[in-house]
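What follows is subunit A paired twice: with subunit B in the first complex and subunit C in the second.
== the complex of A and B ==
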């Protein structure tokens, strides 16, 4: 088997192993909030940490794996570095498991300074956590740079960013996935470098016994964390531009509008994270306004261009709505829906009311579960089916999709309703005056079960194809 | 190829940070920590509403004062040969610079020495030039009441029989609505910390957290007490660097590795 195929199948296998485990961890937390597992509340925050950072990291590498595979149609990324990235990711994940399961590290996936140094967990678990991020971050930086390098070998920077389209020219033809991936990778380097700085500052404090500035650390942490999640979505959206024509039989090419929208992302996206600091009153006010404007400008143009383009492509096209295409399409819509939630959340007037309620996890779970996850799972199915060529049971696939939608959106609705009724986030158990939070958690357990059932059906369907593809 | 991968990884690993070891508890760390703890311990605790005797013999309750506006409380004694007078001078000087006395807060300085009479304290206030200031009061109280007040605000005192002097810290407690909102420890009342305290007393959110002796190398912003505004600090460069470096690296990679014949 060639290395490219093996790598992709390994990334898929890693995702299929970690994702169900992380979903179960999410369910575990909701079960505690639903007072079904109250006795396990001591594990709430360690599991919240692992669930959060695990999901963010997993879908970043999964989206990068998808982009890398699609990019390989046009460029020549190093498969050895992709394999190296798998090893580095597994090593980082093992360190993460060690600090959470053995050390009960529980600083949350934001690991906001100075929490890693202030908890009741042993010092070694904090250091293991930081080392885990160091391994993951350095590995991903190498992989990101290599993908950028593969694009650079074939395209000049202005071509890869589609600037000739903006100038009114149409050649050379640059596939949208190359343009979007270039934008995402350049911003990805900035994201990972901010992660480098925040880790260096943590280690500097450990070694030199100085204090860090909490505001600076929070800025850097969200520069890294917000961008990582944001770019995971963009990488997956880039893949959609390349896969949709396969199903619709219509080309989806770069043009002036697409180039402008995605260059706007590159210019603005690194300022959007300021919206995470609206409640940090020490942050200069001008930054807060920049955060709101950047959040609007970096998401709305790209989403409008993509959703409109996708609709035009699908409209009256002879599409086979199999599991792969359906998930890609619904994932793109979920990205749009979650994006609306995110834009609302980034509005200062709204954020000042909803901040730290369950409305916040509601919106980011929307674009993750019903956006990014569906897009990536859709592509993984598409890839495995392409390699395995197994006859498709469309009825079973429709049931799977229905379970993903009903389970996923039902689960999200409970978050939204809780947030609207002021149920705070990050509470393991709710006090009596917030007993409605318990009620919503209980209902959400039902919807998570539906989603899990859908996931099992998906894993059976795609797993069969993955196994056959591996055997070939 | 394998060597290239390893070199790249090693480079990134080193870039991400060296192996760490646990920080030993240095004396400075400990003293800073204990200062923070001592200042934090009484916060949001209720203050006993004791009766105070003023130099003219007038009796008032502390709630009469904090019912009007926030109240800053200091404890001292008249015959102190150590820190009491320098501390009160420092407070007076900082109050003059920062302002707000009378409009935002009042001050009361109480003696914890049972030997001090209200009349003595009136004379003592005169030596500081504060006897005519209606917003800075001096007074005494029943020793048990003073003891209770001292405990509430985190103050302690102990008579050293040989010298006749009291062993005690210097402390300023800010009280709003009968609850302690801030405590400042130290012989010198630093202007920026007092500025924070005053803004806190006005009910404003305090967006900066400098502490004496805290070695914070890189900050996002720094508070300038004279201009009463935030100024950019070196740490902001860390927020600019990733974007600039990423663009620079992209330009470098595309310039160095682009092969025009492969398009």
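== the complex of A and C ==
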């Protein structure tokens, strides 16, 4: 088996192992909030930390794995670096498990400064956590740079960013996935460098006993965290640009509008993270306004160009609605709905009521589990099916999709309702005046069980294909 | 009998009964206990402590206050009973010294004697001091409705497109599609731009120069809030700067809260008397955030920590009254 295929199948295998475990951790947290597992509440915050960083990291590498595979049709990324990234990711995950399960490290996935140093967990677990992030961050940075290098070997920067389209030229032809991946990876390098700076400052404080500035650390942390999640989505959208034509029989090419839209995204996305700091009144007010303007502006290129383009491609096309295409299509819907929730929350006047309520996990879970996750799972199915060529059971696949939709959106609605009714996020147990939070948690347990059932069916369907592809 | 016990406790802690010490005890109770307990206002996460000094042996109480985790680990029968009764939420070790534990016991005894006594020792349900959320705030309601409407429009569009594939054609009229995209772009730009212009003036940042009717300093630390009329900038200030144990705000007053943190990042989130978030700001070490709120409605306002700050984050709270 060639290394490229082995790497992709390994990334898929890693995702299929970690994702169900992380979903179960999410259910565990909701069960505690639902007062069904109150006795385990001491584990709520450590598991919350692992669930958060696990999901953010997993879907970043899964999206990168998809982008890398599609990019390999046009460029020549190093498969050895991809294999190195798998080893680095596994090592980082093992370190994370150690600090959470053995040390009960519980500073949350964005480990807001200076909480890692001021929790009731042992110092070694904080250091292990920081080491884990160092391993993961440096591995992903190397992988990101290699993918960019593979693009640079074939295209100049202006070509890869489609500037010749903006100038009115049509050659050389640059596939949209190259353009979007270039945009995402340039921002990705900035994102990972920001994470590296945060880690360096943490280690500096640890070694030199010099306090860092809390506001600076917060800006760097959210620049890293916000971009990591946002760019994961863009990478998956880039893959959709490449896979949709396979199902619709219609080409989806770069042009002036696509180039303008994605260059605008690059300019806008790096300023949107300011919306995470709206409630830090010490932050310069101009930054807060920039945060809202950038967050609002970012919705236009994605909605008008990408979603509209995808819809035009599918409209009255002779599509076979198998599991792969259905999930890719529905992933776009989840991205759109999650985006609406995000833009509403990025309104400063609204954020003062919604900040750190369950509205926040509501919208980011929407564009994660009903957006990015469906897109990536759709591509993984598409890839495995292409390699395995197993007859498709469309009826079973429809049931899988229905469970993903009913379970997922039912679960999300409980988050939205809780957020609108001021239930805070990251509360292991709710005080008596917020007892409706317990009620919504109980209902969400039912819905997430349906989602989990859908995931099991998906894993059976795709797992068979993955196994056959591996054997070939 | 009850009076006799109170007198005995009072005598045993004679020093603590000075006005100054009791203020310190009230402050200590506010910092370490009010997140989970009241004296005579009903159960919270933990039991109402009204008359607890009469029901429990003093030595046991001191050991429990100082090391609840240790007593649970030792499976102390009474500790285990409480643990089971209160939804298996263990009382956290708040780092209380023996002298502080005695001070707290004296404070609870004194406060119990001042409270009107109830007939039975059965826990009261959560009192009016902890109102349940009755409805959505106006902003929350509008945001939720707008979200639902827009989400339904997007879902309907996707559904229409998905259904159209049942009647396929080789190519579609791209000219018409581009014309529609142009309309969509203009429409989306108008909606986005219009909403931005309409909402940007309504930010919570204190830009006006009016002198507030009341200035309150808030110091947050794991896992309590402390009100004061002078700034508290370090843990050492806690003992020297007078704090406000029970905060009352006149109705209609414009209040400026100057919020900071003495350890990690917290958030000061004020809930209105109906249980909806009214306003909030972060509490950051090394920075002061100025939160201005005009209180037009009388009632009990709960305050919760809205930034994850450690394992007892969900217990960090305070309150004040507007009248």
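Observations
Simple rule for what comes next: the second predicted complex is superposed on the first by the 470 of 472 C-alpha atoms of A that agree within 3 Å, B and C clash if a C-alpha of one lies under 4 Å from a C-alpha of the other, contacts with A are read in each partner's own complex, and residues count from 1 in each chain.
By our rule, contacts are C-beta pairs under 8 Å (C-beta built on N, C-alpha and C of every residue); 3 or more make two chains touch, one makes a residue touch a chain.
Note that the coordinates shown come from a computational prediction; the quantities given were computed from them, not determined experimentally.
Bringing the complexes onto one copy of subunit A puts subunit B in a clash with subunit C. Once chain A of one complex is fitted onto chain A of the other, the partner contacts of A:21 are absent, as it touches neither subunit B nor subunit C.
In the superposed model, A:213 makes contact with both subunit B and subunit C.
By the touch criterion defined above, A:127 reaches subunit B but does not reach subunit C.
Contacts of A:300 after superposition on the shared chain: subunit C is touched, whereas subunit B is not.
In the superposition on chain A, A:353 makes contact with subunit C only, while subunit B stays out of contact range. Applying the stated contact rule after C-alpha superposition, one finds that A:434 touches subunit C and leaves subunit B untouched.
Between subunit B and subunit C, C contacts the larger number of subunit A residues. When both complexes are overlaid on chain A, the residue A:460 reaches neither subunit B nor subunit C. In the overlay built on the shared chain, the residue A:394 is in contact with neither subunit B nor subunit C.
In the superposed pair of complexes, A:281 makes contact with subunit B and with subunit C alike.
Remark: of the candidate stretches 117-125, 153-161 or 225-233 in subunit C, the one overlapping subunit B after superposition on chain A is 225-233. Annotation: subunit A residues 211, 213-215, 281-282 touch subunit B in one complex and subunit C in the other. The touching residues of subunit B, counted against subunit A in their complex, run 1-2, 5, 8-9, 12-13, 15-24, 26, 28-29, 205, 207-209, 214-221, 230, 235, 238-239, 241-243, 245-247, 249-251, 253-260, 262-263.
Against subunit B, in their complex, subunit A makes its touches with residues 78, 80-81, 84, 88, 123, 127, 130-131, 133-135, 137-139, 141-142, 145-146, 148-149, 152-157, 159-160, 172, 186-187, 189-191, 193-197, 199-203, 205-207, 209-216, 219-220, 223, 270, 281-284.
Interface of subunit A with subunit C (complex): residues 35, 38-39, 41-42, 45, 106, 108, 112-115, 118-120, 211, 213-215, 218, 250, 257, 279-282, 285, 288-289, 292-293, 296-297, 299-300, 303-305, 308, 311-312, 314-319, 321, 329-330, 332-333, 336-337, 340-341, 344, 347-350, 352-357, 359, 416-417, 420-422, 424, 426-436.
Subunit C contributes residues 43-45, 87-90, 126, 130-133, 136-137, 139-141, 143-144, 146-147, 150-151, 154-155, 157-158, 161-162, 164-165, 167-169, 171-172, 174, 177, 180-181, 184-185, 188-189, 192, 195-196, 199-200, 202-207, 222, 263-265, 267, 269, 271, 275-282, 284-291, 302, 304, 306-311, 313-314, 317 to its touches with subunit A in the complex.
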